[in-house]
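Both complexes shown next keep subunit A, but they swap its partner, so subunit B is in the first and subunit C is in the second.
Now for the complex of A and B:
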């Protein structure tokens, strides 16, 4: 294998590859990136067996071929090289020579046939979607995905198509059992998604996808058996879907919430940040005493001390004291953009719904704590 | 004819003997106690014959006149109390007036006694309760008693005697118990022709401990004291790593009287609870002094049991005295060496062996102004001789070593131990044990303030339990509320979980719950719900803690070490396994022949 390629193209591809490649793995080849020179392209592929990334970049291919080298090191090298063009040459025993200007590296590689096969997807029917829209939907749900290993069916974002709704919509839902985040957007194309009702896309894959969608434009999507594929310009992201049933979340979304609190999002956020300085541990709760006169937040940590703050709010309903994990609120408020948010509650041991006018199709459910 | 008749005196004595005289050791106990009550300064005990049935006790106490000698063998004849008021405030070891007549009923007794004032002594021989001979004789001041052919007229009792070695071990145990209580008396114990033990009058309890126990054993023991009404407590307790599988090396005294009391042992174990594994016991000598009216010793014929008028206060005092001693030990932890060779062989007579302690923690004992402790109203003991204090103080550096947080972390071994450099050696810390201890103390602190913070679940989850666990849960379910779980039984084998402890959110609370239930159930029943909660907290801490085999970054290790400094106890994990171990520079030098 021998080729020359533009440095900036290569760098872009490697940046995305190395974030997918395993950092520490029992299979050394998974820390490597696969280089394949074919026709006029260099294909870079990285995988952790769950998520795979392929970047295809135009290159001047002198000899076709394939080899793997350490993704992280290769990325660091290319990042520091100042010259616009880089030459990659495969030598004997999977050694790879990288040269640019007066600089030259020889890296130990592994044979390409040790690299796991990545699913082929030639004859897929692609659905197009606005990248920014999908990114917004992912970002509004990703934070609520469970990190518990045993709750496998909650460890991803649930994609649900709502063909009975008018207009036909795509809904993304994530929950960890203590809070839930849901966003729904009208998307006529969703009818063409090749799954029955819904699929669960893994968290790691969604993180990578969100990053990939940063640059905007259109993204092509297809679902094949147990794989979801996202293609955008030169990049393709594959992920294995989570095999499991997403729980029926509709039953946990409270209805008839009669107590409604309205507050400015940024003010509430700042207040929560101030109050949670006292609680160094992630699990500590705060108490919110809410009445028509205003809201008082009390934070208490036996190891450090306590803090309180009050603020006038718009509130209709009975006076109540409810406890929450402030992180759950902060993470929710951070993905919202509304100026004013509404928190609708039933009582101090039932769920609270957060929504905002400018966050169309979005709401979050947060369960209170008992302190 | 009337069926009910008053028993013959001799028969009554035999029955009383059944309670008081069980085996040679109980004979020794009664006779030595008499000698102590007679203000003897030296007591010699000689044991002879098959299964120790011949016993001789010689004292140099006050002795008796002839009339008294005869009376002494009458049941309920005693010089120790004479009014009912005396019974309420007993200051002597004996008082029931049962021992001698009971003994006389089941053996052949020869008694020689002389007071200092009289010129001649009295000699009395009794067999099976019948006086055979009374005559004048020449003898030194004090009393000598020969008990021959114990149980010669009670074949049933005789059969129950064990091997000679076992019986002698019991005698030794009895003499040891009494000797520890009275360091000022010279005790001598002979077995057959052998001089078994000789403990000359000691000036302090410390000195007596050194006489009685193998060399170095008691050196590591911690001084323990508590001076608050109604109980004064003093004595020595072993550090947690020096322990035994039974409580035989725990010597407890109430007003100088050796006793075995469950309440006191439990109170003491409370302080050691998280420091030593279940089924293991510390060693030590503990004296409780309380006003005679507050304790009833007249509960048991052999007086091994007592009743306290205010058991709660006594319990608390014992626990807090022991806890203070143990916390004191923590402060000097860097000089103390946790070794592997600190466990004793389980034997009644411990054999001398090298113990891995570099420090005799004596300087604390002799703090100026420490009051001596009272064994009896009349006698006062100083805890430690003056010159010994100064000697010890010179030998041992007084500064407290660095804290965990100040240690230089060298790295992690087998992803399990944190290695740290100290000026005088290498410290290994078990990462799981350390983190577990930190979690445990935090959980415990929070649980005293009410239930732990709990996160309500969106949709209740269910957890399956076994039939056995379901039965166990019937009684313990409410305790789970304290831990932050709200659970409801649902059917026979299912629990509905409505909320989980917030602290466990990231560690899969349902898995945690299943494990806690399984562990708790396998331990079986507990006397109090407090102990169950304690155990649940322990297993929760264990599950929350980082595991062995988990790679830690340098920052994580340093953070963990800092956490340790804030802890009350950091010698062991809550199950009593050691948390850290020090390899001293001297040991390393020995290994590499660098001396």
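Now for the complex of A and C:
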């Protein structure tokens, strides 16, 4: 294999590849990126067996071929190389020579046939969507995904299609069992998604996708068997879907909330930050005393001390004291953009629902704590 | 008498026939009579016997049936844990007035390090007397005390002059005090060690002290060295006030190796229930379950799982233990010891995060059932209600 390629193209592909490649793995080849030179392209592929990334970049291919080298190191090298063009040459025993200007590296590689086969779906039927829109939806739900290994069915974002609605809508839901985040958007150009009711896309894959979508433009999506594929310009991201049942989340969305609190998002956020300084993993709850006169937040940690702050708010309903993990609120407020937010509550032991006018199609549900 | 004599002053306090004494306190008509507190007549054991009953040869841990034979005129009463807990709290409150360094050993027994209290309350022998007086005045019960410079001498001392005893062993008198005592009085000397020692001609602590440390090390390993130090009154262990629990566990060494998975599971159910009950008793829940297995070649492994939500339900803990059991060689290799523990504990004051997806009706029922079982067990004892599978044999 021998080729030359523009440094910036290669760097872009490697940045995404090294992020997917395993950092530490019992299978060394998973820390590597697969380089395939074919026709006029260099294809870069990285996988952790659940999520796979492929970047296809124009290159001047002198000899076709394939080999794998350590993704992280290759990325670091290219990042530091100052010249616009890079030459990659496969030598004997999977050694790879990388040269640019007066700089030269020889890296130990592994044979390409040791690299796991990443499925290709050429004849899939693709659905097109605006990248920024999908990114917004992912970012508004990803933070609520469970990080617990025992809650496998909650370890991803649930994609649900609402085809009965006109226009067709896509809904993304995530929960860790304590809070839930939901966003729904209409997709006028989309006629149908190729999955039954819903699928669960893994957290790691969604993190990578969110990064990929940063560059904007359009993204193509297809769902095949147990895989979701996202394609955007030179990049293709594949992820194995989570095999599990997403819980019936509709039943936990509170209805008929008679207590409604309205507060400026940034003010509330800053207040929560101040109050949560003295909370620890062990004592993380804060108490909110809410009445028509205003809201008082009290944070009490027997190991550190206590704090309190009050603020005028708009509130309708009976006076109440409700306790929360402030992190759940802060993470929710951070993904919103509305100036004012509304928190609707039933009582101190029922879920609270948070929404804002400028965050269309979005709301979050947070369960209180009992202190 | 000055502080010089006491570079360290530890008092061991042990209530006299505690459960029985509380019963007499609550029912003065029982005074002077042989009172025996214990489990059921059929299979229970004696928890506590008054000194009058002890004259008949009744002692704790004896089967109730035996006690009835020895002391037919005895007054046999059920265990009232709630009441004993209540009295225990009063007593410990008194101990705490004299030093913050109180290490409870059980409901009715504690070490108190009063080294730092000497300047406030006077010499340790006077402090011990003050504690004794306060306990009688405020609870009507008597306590025996041993005062020494180390924990283990203090513990032996409190036992020597029961009931209502006060034995003081100052630093220079330790050897004189220990030497004539039989070796069983030493901590950690059980049947097996005693056998080894008696072959060496050792009867008293003094005899043991005469043996060279090297010989003891050869015969008894590390424990030998430790025993040798104890005979000289050397015991570095500090009085450790009750600390925050990091884990709650129980383990059991079996007289006969466990060969069968079915038997192992039954033992696990027993252990899981005990652990769960202790968690609930302390108002705790735990997220991480650890199963410990020691095979008969003494090699030991542990297997753990983290739960989605903290638990203190015996059945849930048991079910996870059974899953963990599959990751061991139990059933294939002979097992000497099984242990179950819970860690990553949540304390009662931490607050409880409520969950979105409500737990099953079953889980709520279990919680109510556990509360009911705890109430009954608190009133009587832990063997009053047990799962059916644990009843046979």
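Brief remarks on what is shown
We take it that the second predicted complex is superposed on the first by the 364 of 371 C-alpha atoms of A that agree within 3 Å, B and C clash if a C-alpha of one lies under 4 Å from a C-alpha of the other, contacts with A are read in each partner's own complex, and residues count from 1 in each chain.
Just so it is clear, a contact is a pair of C-beta atoms (placed from the backbone, for glycine too) under 8 Å apart; a residue touches a chain by one contact, two chains touch by 3 or more.
Every value quoted in this text rests on a predicted model; they were computed, and no experiment measured them.
On the superposed subunit A, the two partners subunit B and subunit C do not both fit; they clash. By the touch criterion stated above, A:101 is placed in contact with neither subunit B nor subunit C. Touch criterion met: A:178 reaches subunit B and subunit C at once. Look at A:283: by the touch rule set out above, it reaches both subunit B and subunit C. Legend: residue contacts after superposition of the two complexes on their common chain; A:244 is shown touching neither subunit B nor subunit C. By the touch criterion stated above, A:167 is placed in contact with neither subunit B nor subunit C. Once chain A of one complex is fitted onto chain A of the other, the partner contacts of A:147 are limited to subunit B, with no touch recorded for subunit C. By the document's definition of touching, neither partner reaches A:116: not subunit B, not subunit C.
When both complexes are overlaid on chain A, the residue A:349 reaches subunit B and subunit C alike.
Within the three-chain superposition, the subunit C stretch that clashes with subunit B turns out to be 164-172, the only such case among 56-64, 164-172, 254-262 or 290-298.
The intersection of subunit A residues touching subunit B with those touching subunit C, taken from the two complexes, comprises 148-151, 175, 177-180, 247, 252, 282-285, 302, 323, 325, 349, 351, 365, 367-371. By the touch criterion given at the top, residues 148-151, 175, 177-180, 247, 252, 282-285, 302, 323, 325, 349, 351, 365, 367-371 of subunit A touch subunit C in their complex.
Subunit B meets subunit A in the complex at residues 442, 445-446, 449, 451, 453-459, 461, 484, 486, 499, 502-503, 505-506, 508, 510-511. Within the complex formed with subunit A, the subunit C residues making contact are 305-309, 346-347, 349-357.
The part of subunit A that touches subunit B in the complex is made up of residues 147-151, 175, 177-180, 247, 251-252, 281-285, 302-303, 323, 325, 349, 351, 365, 367-371.
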